[in-house]
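Each chain gets a letter, A, B, C and D, in the order it is written, and its residues are counted from 1.
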Amino acid sequence: MKDEKSKIDWKNKLHEIIYEADTREGKLFDILLIIIIIFSVILIMLESVKSFDANHHDILLTLEWIVTIFFTIEYIARIVCIKKPLKYIFSFYGIIDFLSTIPLYLSYILAGSQVLLAVRAFRLLRVFRILKLVQFLGEASQLGKALKASRAKITVFLFAVLIVSVMLGTLMYIIEGDEAGFTSIPTSIYWTIVTLTTVGYGDIAPITPIGQFIATVIMLLGYGIIAVPTGIVTVEFGKRAKKGSGDESIEHFVHVNTQACPSCGKEGHRDDAKHCFNCGSFLNE
Amino acid sequence: MKDEKSKIDWKNKLHEIIYEADTREGKLFDILLIIIIIFSVILIMLESVKSFDANHHDILLTLEWIVTIFFTIEYIARIVCIKKPLKYIFSFYGIIDFLSTIPLYLSYILAGSQVLLAVRAFRLLRVFRILKLVQFLGEASQLGKALKASRAKITVFLFAVLIVSVMLGTLMYIIEGDEAGFTSIPTSIYWTIVTLTTVGYGDIAPITPIGQFIATVIMLLGYGIIAVPTGIVTVEFGKRAKKGSGDESIEHFVHVNTQACPSCGKEGHRDDAKHCFNCGSFLNE
Amino acid sequence: MKDEKSKIDWKNKLHEIIYEADTREGKLFDILLIIIIIFSVILIMLESVKSFDANHHDILLTLEWIVTIFFTIEYIARIVCIKKPLKYIFSFYGIIDFLSTIPLYLSYILAGSQVLLAVRAFRLLRVFRILKLVQFLGEASQLGKALKASRAKITVFLFAVLIVSVMLGTLMYIIEGDEAGFTSIPTSIYWTIVTLTTVGYGDIAPITPIGQFIATVIMLLGYGIIAVPTGIVTVEFGKRAKKGSGDESIEHFVHVNTQACPSCGKEGHRDDAKHCFNCGSFLNE
Amino acid sequence: MKDEKSKIDWKNKLHEIIYEADTREGKLFDILLIIIIIFSVILIMLESVKSFDANHHDILLTLEWIVTIFFTIEYIARIVCIKKPLKYIFSFYGIIDFLSTIPLYLSYILAGSQVLLAVRAFRLLRVFRILKLVQFLGEASQLGKALKASRAKITVFLFAVLIVSVMLGTLMYIIEGDEAGFTSIPTSIYWTIVTLTTVGYGDIAPITPIGQFIATVIMLLGYGIIAVPTGIVTVEFGKRAKKGSGDESIEHFVHVNTQACPSCGKEGHRDDAKHCFNCGSFLNE
């Protein structure tokens, strides 16, 4: 029974290091992890530069193997120390972690499977988790909340933009023809969005006077309606800034930490929490 | 007389299903309609992709016929069940509905009339009507009201932008010549708006030093004056947000539904309305 | 003496029609003038379209003569009926009016002087004067005041943008070379502003990795600092909107009209003004 | 000992002229300096224009020598009259001043070292110091403070933009290939930022339908998230404007001058200051 207990203790310790960032070891692991992730992303970038890959293929492959082995160990450790492994495995981060680990192994079975390496760029999202370590936490969550609050308005706006794009794109397809690059309605809609968002590649551009006139209208429209998302977000930020400055509203906020429930994985527990607010199981001290 | 009454009942029932969205059948019809409209738009897109059309012409034509027949039945039903058919026929939606229905029939008489199919994209505007079903209603109308309130300011702004464009466009036509693509004053004005709105296709670009200098001024102008519409709309949104947050102003709003007057077609009646607020005729229960 | 007086009366009448817009005749004249100006601008545009000019040269020339004769009469009338003609002749509008009138006469003496016709586009600025007739007056002056109030901030901002452009442009000239189109420092600065304002023609684009990296930094910079003019103008609009809504501030505004002083030409007199606020001479009733 | 004192007096006088701008001589020197800096930058620009340099090489070289000698004297004077010369020499401005002075001397030893001349553009930053002379001081520092206050939020925002760019850039590299110009992941990320910031050069553009679809998503994303920095800065400006307008806050501001401490070089002393607020040493009267 003592053995059993020491095993649980060991698992808890590992869980604390890998999943949390409140202890010194946890912080160190997170920083190490993010460095290796950034390093692995740079590695993939260098591999994609043909001239560089041709000259340094062996070094790149060796480094790739080191990263892959580290990711493999990390992936196994994550599964071992959590109480409900399946929940992690099929979570968003679990799938990303898995897909970031396997490409090199797969490349010996399936040719061309090395493209999967690109998935690794998504591991950068973990940076946001690490960000919680630093003082930016408050800022990031404030930004997130403001964007979330204006979600409905932005959806309506995007919807309207899309319908206008389909209508104007179809119109431009009829007016301009294949000659100007408007080869099909989807291409024409693509051009409309390129113009409306003021990107303007210039790979497709109207030639006929009436086409150029409608293009002008689309541009002015795009130039004008950029005011809408800006207005929405600014007002939302303004509200939040006003709320935040009043002391009476401070009581609605409590400090949460990065501790993750060892059972269900939920984060964001109050500092004085004893049970997980989600599944009710005991949290590590 | 009983026959007469049952006929009116039947018409009222149909009117409720097609024009309104408060009953289960009405909602179902609206959802079905929007699905078919989106499907018909996708159909036209696929037809415009030459390589796709070449391989699947027969299937596309068959599907086109199905959509056309559905639209035909819907159009006739809309005319039959409304009390003042002419009002619908010559309304904006009535004309769009008609133009969306006829192209396939016309194509057997007039060659090339199939381009009219593109009009069908405008039927997507009905989506906004369907939108009333969902919770976005409030958001959309709030956006609309804010834009409406700043209409005058935006008109003045657009007017100023246009005059500046004509002046600078004419100037650039004199400075740069045919060589750089500034072949005529209208083309030159088109280029000015492309630059002012920061779209920048690059199909026309100044070559002479003085032309590039003026282009720089136009860019900085465009980069700066985008602040004007943004500022206008943001302030307008801000006002509305403040108004909306005060409880005392809530009494000014009553809930309206999507019921349409069977006689004049006006929508937006109060839930407890018995008469149409526009023409005074009885509304269906 | 009676003759003298009737002459003055006649002059005053003409002054009222041409320079002011408070009487019915004044309004009519202003509307007629703006129509002819717009017509003359369209005429110049059509002349610049080579294919159109080739086919309709005679009609265009005849119409051009009609416009020129009208402008000549108007210019002489403006000089005759004002008390201090020199003030008008050397004012901004006076010079524009003169330059818009002479090109056709000049074209018989100097070849190529017809390019001067383009100056006529500047006569469109008179539209802003006519605008005073309509309800947009309040809106336009509000926009103008807000922009004027943030003038200092915007100047500082533009100054900073220009210095950054010179520095980054010089840097890019050293990094990229003639090959990528960065042929000289001025061209390189031109490219920097094209990028910073997110216009992005694409006629010049970096090729080297380090050049592309700095280009990325410039883009993000431009994308970010567009917030500065927007923020400035929005806050200024917001202040004005708040001020405008409070009733206590309304007393600072008095209604002014479009009457122009017959002696010095200053506009914007109070409705109850008897003397010109600028030169003190009597105003027409 | 009297000699010693007159030497210190002479040094103090020189320090006042070169480093400060409160006396007439100080102002004159600053204006002279900024004129020469602007002149030297224009000189480098002209040298970079090949056709101009070929025709006027001798004049340009002579003028270059005059500027270099002036800068040399100024640099030596700056070192001589300051109490802690090393602090100046290794300060940002000190290094820029040094690098702006040496290129012409170096060009006789090292070929191609004339590119260093471009560093001179950075001397333009001194303009900001001169700006303190004029009324823009308040505006500029207000802008700077607002940007500083929103620094954290903007960093989070830029961070998120970069991660999204890496992910979407990698995705586009897999979807599009070498054919469309997406030759490597870094190039692909460069393209993503070009699109996200709505610059859109068009040197690289997607060809495949799915690539164009993702490009559309990136554009709409970029079009939408420009609202975030704008919102942040606008709210920050708004706060500051509100603070500034209240009279009770006016007491927090005292007038500072451009006097620089002769010992440590810190600026921004109160008009009535006797000691440097930084190092405590006596300030010149």
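The working rule: a residue touches a chain if its C-beta (ideal position, glycine included) is under 8 Å from a C-beta of that chain, and two chains touch if they have at least 3 such contacts.
Please read these numbers as outputs of a predicted model, since none were measured by experiment.
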Selected from B-D, A-C or A-D, interface repeating C-D by over half of its contact pairs: A-D
Type of subunit B:subunit C copy interface by residue overlap (half), same or different: different
Furthest chain, CA centroid comparison against subunit D: B
Centroid spacing, where centroids are CA-atom means, of subunit A and subunit B in whole angstrom: 34
Cα-centroid distance, subunit A relative to subunit C, in whole angstrom: 48
Sites on subunit B at which at least two other chains make contact: 186, 198-202, 222, 226, 230, 232, 234, 238
Subunit D contact footprint on subunit A (complex, rising order): 41, 44-45, 48-50, 115, 118, 121-122, 124-125, 127-128, 131, 135-136, 139-140, 142-143, 146-147, 154, 158, 161, 186-187, 190, 193-194, 196-203, 222, 226, 229-230, 232-234, 236-238, 241
Subunit A - residues contacting subunit C, complex: 198-202, 230, 234
Subunit D to subunit A touching residues, read off their complex: 152-153, 155-157, 159-160, 163, 166-167, 170-171, 173-174, 183-186, 188-189, 195, 198-202, 205, 209, 212-213, 215-216, 219-220, 222-224, 226-228, 230-232, 234-235, 238-239
